[in-house]
Amino acid sequence: MLAVVSLTALGIALGTLLGVAARYLAVEENPLEAELQALLPGSQCGQCGFVGCAQAAAALARGEASPTLCPPGGRAVTEAIAAKLGIRIDLSAVRDDGPLLAVVAEEICTGCCRCSKVCPTDAIIGAAKQIHNIIREACTGCGACLERCPTEAIGLMPMPVTLPHWIWPKPAVA
Amino acid sequence: MKEYALMMIGAALVNNVILARFLGLCSFMGVTTRIDTAAGMGLATTFVITVSSMADWAVQNYLLAPFGLGFLRTVTFILVIASAVQFTELTVRKVSPSLFQMLGIYLPLITTNCAVLGVALLLVESRLSFLASALFAFASSLGYSLVMVIFAGLRERLALATVPRLFAGPPIGFIVASLLAMAFMGFSGISTG
Amino acid sequence: MGLIERLFREPRWGVHPDDHKRPAADAPLRVLPRPARVHLPLQQHVGGAARPVVLVGQKVLKGQLLAQSQGNISAPIHAPVSGTVTAIGEVTAPHPSGLGLAAITVEADGADRWIETDPVADPFALAPEEIARRTAAAGVVGLGGATFPAAVKFALGRRLSVRTLIVNGGECEPYLSSDDRIMRDCPAQVVDGARIIMHAIGAESALVGIEDNKPEAIAAMTRAAATYPEVKIRPVPARYPMGSDKQLIETLTGKEVPADARAAEVGVLVHNVSTCAAVHRAIRLGQPLVERIVTVNGGAVTRPGNVLAPLGCLVDDLLACCGVKEKPARLLFGGPMMGTLLPHGRVPLVKGASGVLAFTAAETAVPATGPCIRCGSCTRACPMGLLPLEMAAHIRAGDLDGAVGYSLSDCISCGCCAYVCPSHIPLVQYFSHAKGELAARERARLRTEAGRRLAEARLARLERDAKEKAELAARRQAERAAARARAGAAKPAEQTT
Amino acid sequence: MMPGSSERPVAAPYAATANSVRRVMTWVMAALTPATLFGFWLYGWPAVYLWIVTVAAATLGEGFCLRLMRRDAGPTLGDGSAVLTGWLLAVSLPPWAPWWIGAFGGLFSVIVGKQVFGGLGQNLFNPAMVGRVALLISFPVQMTAWVAPLPMFSVSAPGPLTGLMITFHGMQPAFDAVASASLLGFAKTEMARGIDLAQSLLHAPVPSWYGSRPGSLGETASWLIVAGGAAMICLRIISWHIPLAMLLGIAVPAALLHAVDPACYLDAGTHLLSGGAMLGAFFIATDYVTSPNTPRGQLVFGAGCGLLSYVIRTWAGYPEGVAFAVLLMNSLTPVIDSYCRPRIYGRDRRGAALEPEK
């Protein structure tokens, strides 16, 4: 009896203390989801399997998706998400061929305008019956246009290496 | 005075919680990937050990011993420790959200860190005075923090080393721990001598 | 050096490589025989590439503008020979990648006819802005290797009211002696150029820092500057990288340039001696920058020395002029410490190339890389006070952010660390790799951000479109309803009538 | 691409020092040679054999590990680091220790102390001291069996054959050299028996000025070790920071406590000249891999080594603390390194950009 009473008393006392402390030390919930969404490309391309970046961010925040989910974001986005979530991942597993660009094969393009309607960043220009073109600076390489093209005139290719973009190779480890 | 000093050195270095008593190995291997994290963990655990040891001393001497409730010791001690951990968790979350994130699951797990309960139980056995037990607990946890920080530094360097695949990961961690324990054996004999 | 000195007067930074400057430095200046054609890359400077203003097939005179500057930081390109523009296309860039670079090719006609120039008799009567304008129009850039447009620096100096001009005659790179040569052969031009720059930026004094391994240059410059008390010749200890801006400023003035800040913010501006001479020619003679002195040196060269060569001539032309003992195993622009590796000899001479080095296979042989033994040689040698061994260890493990934490951004790539490393670890390559990766990452981030903005704009547009369409539809419907109502109203009226 | 150059371009600088790991190791060995030769002379043939066994064990251990990892053993063994590890271990052993002490120590040093971490440059603890401490706590009897000096070629010294017997067949009790004690050990046991230093030192083994005293194989000739260390400092193989800080770290507390109570505490000179203080300060604590690499860090490290040596010698159970102190400070090296960084040009100590001074 004494044991029960003393234990209960102790528990109540400590619980009260903690309750008071919780009130004084309260913090707002971490707005993790919004922060994650800010890291994602935001092009809503759907390659991750979610409807859009907001849904992907929500899944990431719930821990239901892997940080490696975003192909257009590449390694950089994966790293940023992993850092935000505080998890370590093996980055070597993430395929990253560098940024990709969509290119239009001019001899096959029929100027149907279907691709430009789905491009999430409005990177495709061209009027009906005109050969379409892609603005390099705006293309995120998401590939949404690829499936839309009835003549398979669009392909992805790695961004060409130019002088200012050239990187010294990492020295071979002895 | 000299006895206190010797006792504290003994608790911190000679009978180090981690390296000589092999307590708290979970957090020793778990949160020592970075010096900052390990130092944070050390601080949090120092606080928990010191506070809960003092509280446990009071509980032991004014509640359990007078009423003959020795059989409730473990339960009550864990209750006290859990409360202290909860408090620490709230504080850390408020003061340093990044540390909170880095410590992750290991912060609430201080509750089950056997170093905490171990020190409290050791104190019961040694029947020290309140001041002495507070100092003993504090010194023990300082020794814990010291080893945590040292080990985190070593592991930061190990992370950059090209350890053979056979030993990479936990094996090399334990080898380092054993070498560290070997080095700490140099202190043996201080408190008794 | 005495034992006691070695023990107690340990220099705080840098290395002292074997300088190999002589006999090339002592050989009299030669002039390159006029090449048959020259290739002028449109980007020979920091900043935006120049935009061509000539057409293929057009006849040009020596000194005629070929491409004008584009953007705030840029420099024009002029024809170094008279002749015909034969192509505007790609040539191999002076870059280890061997990638192409847009260039104008001029076929020399052999006449070397100068375009009409506009000399200025008294530059000190000109407004400083006018000097900056003329310098910019002459295409003068930093000739020490940085190739920053000189006129942009003038404007910066004026804006931040710089009081001291530092003339960099350090030339600390081994093998190179083009600055040495220009100080020995035309000290008056250098001093005059320095005084013009002082006028242009409003500086009160000029300090000429010359490494003490060039006694002839110090003597010549002292003589030339004797009549101008504001120009002071200051010998500095020969120690690499004394020719680096930050180290020279600290040695001469004791001031330290804060991290991420420009030298002008501590009241000094640094210009190379060759740049001074080029400014002199641009203002006094009205001649644009079309030629430069370049050191041709290295074990594979028969008659090493300095050559006055038109820009755009090929490295092979320069080597042919000085003779080659054996096929060079490595070609460099600049010195061995920071120079640029060239993919082959068919690379045009650019404004920033102070030397062409041709090394034999024996000279290029390096011992195999070993593991880091943490000896700390690199730390002692680093003129920036960094920890190269830690940065390299983090980069090797793929932890670029860790390297950034060790202040990778402060690295000046001087090469001291890799030079002294007893394990011959290519530390600078690690750092260059990491800097490139970080820049690529930043580009990717900006790209992602731009993509997001575009996507948001598109969504907003689609929404607006849908809304407008809905409104339009609603209005149409309302109109139709109104019309029907009107018609309905008319009908009964009809019926009633 | 240029003829002769590979597909991957090599970055500047295209010049390199003549310095190499091998040269560094060779100089350290050269600096260690006089003290070692002195040890050979002082303790006779058994010392020579022990040295050979230890160095051979370390080299073989390294070669074996490299073979296991299928790496080319040639260049790695050629840099001399394994030999140096064995050598440093050998000179810190009791000169008449049985062969298996040297063999076990050499193998343990190189395998557990170094190769397990990935080889040269990756180890966290000084390999020689790892071996020494492992031996000391595993075989305390053999590791504290000191002999009185019996100079080679002197009448009572063991000859080459007897030396072989001593090293490989256990000690011969016929020699009166056996069962001597080092001064530190002597003082410690006498103190434990309640005899204060003023009394006990009267009949303590007297150290001679040139190092003829019982002790480790190569630790006794302090003057030769200091000479070797000074040579290394002049050659810039090591900097002065660690040795000076470490010797001060021992001498200052020793002098202070000796002044307070001469009956309880040995004087600073004795502390500096006995045990492994000198060898530790110049050859062991200065190991590149396991010591900090900034001057300030090295001062902290050296002082820590000295202080801990003194603490362990004076209060802990072991008579000699240099090896433990070095290992303990080795473990702190990463922490020291991360807090003692050099000031970066243009930044203050904390890494913030300086204010521009006009």
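By letter and in written order, the chains are A, B, C and D; residue numbering begins at 1 in each of them.
Basically, a contact is a pair of C-beta atoms (placed from the backbone, for glycine too) under 8 Å apart; a residue touches a chain by one contact, two chains touch by 3 or more.
A quick note: this is a predicted structure, and the numbers were derived from the prediction, not measured.
Colleague: Keeping to the contact definition above, tell me which chains border both subunit A and subunit D.
Modeller: Both subunit A and subunit D are touched by B, C, going by the contact rule given at the top.
Colleague: Farthest chain from subunit A, going by mean C-alpha coordinates, please.
Modeller: Centre of mass proxy via C-alpha means gives D as farthest from subunit A.
Colleague: Report the chain closest to the protein's overall CA mean, measuring from each chain's own CA mean.
Modeller: Most central by this criterion: C.
Colleague: Provide the C-alpha centroid distance between subunit B and subunit D, rounded to the nearest whole angstrom.
Modeller: 33
Colleague: With chain centres defined as C-alpha means, what is the inter-centre distance between subunit C and subunit D in Å?
Modeller: Result: the chain centres lie 51 Å from each other.
Colleague: Return the distance between the CA-based centres of subunit A and subunit C, expressed in whole Å.
Modeller: Taking the mean C-alpha position of each chain, the two centres sit 37 Å apart.
Colleague: Between subunit A and subunit B, what is the separation of their C-alpha centroids in Å?
Modeller: 40
Colleague: Two-or-more-chain contact residues of subunit A, please, as numbers and ranges.
Modeller: Counting only residues that touch two or more other chains, subunit A contributes 168-169, 173.
Colleague: Please list all residues of subunit D that touch 2 or more other chains.
Modeller: Residues 9, 11, 119, 122, 337 of subunit D each touch two or more of the other chains.
Colleague: Where does subunit B touch two or more other chains at once, residue-wise?
Modeller: 162
Colleague: Which positions of subunit B touch subunit D when the two form their complex?
Modeller: The contact residues of subunit B facing subunit D are 35, 149-150, 153-154, 156-158, 161-164, 167, 172, 175-176, 179-180, 182-190, 192-193.
Colleague: Would you mind writing out the residues of subunit B in touch with subunit A in their complex?
Modeller: 59, 63, 67, 69, 72, 75-76, 79-80, 83, 86-87, 90-91, 93-94, 97, 101-102, 104, 162
Colleague: What residues of subunit C sit close enough to touch subunit A in their complex?
Modeller: Those in contact with subunit A are residues 43, 93, 95-97, 99, 101, 368-371, 395-396, 398, 425-426, 429-430, 432-433, 436-437, 439-441, 443-445, 447-448, 450-452, 454-459, 461.
Colleague: Provide the residue numbers of subunit A that touch subunit D in the complex, in ascending order.
Modeller: Residue list for subunit A touching subunit D: 168-169, 172.
Colleague: Where on subunit C does subunit B make contact in their complex?
Modeller: 371, 393-394, 396-397, 399
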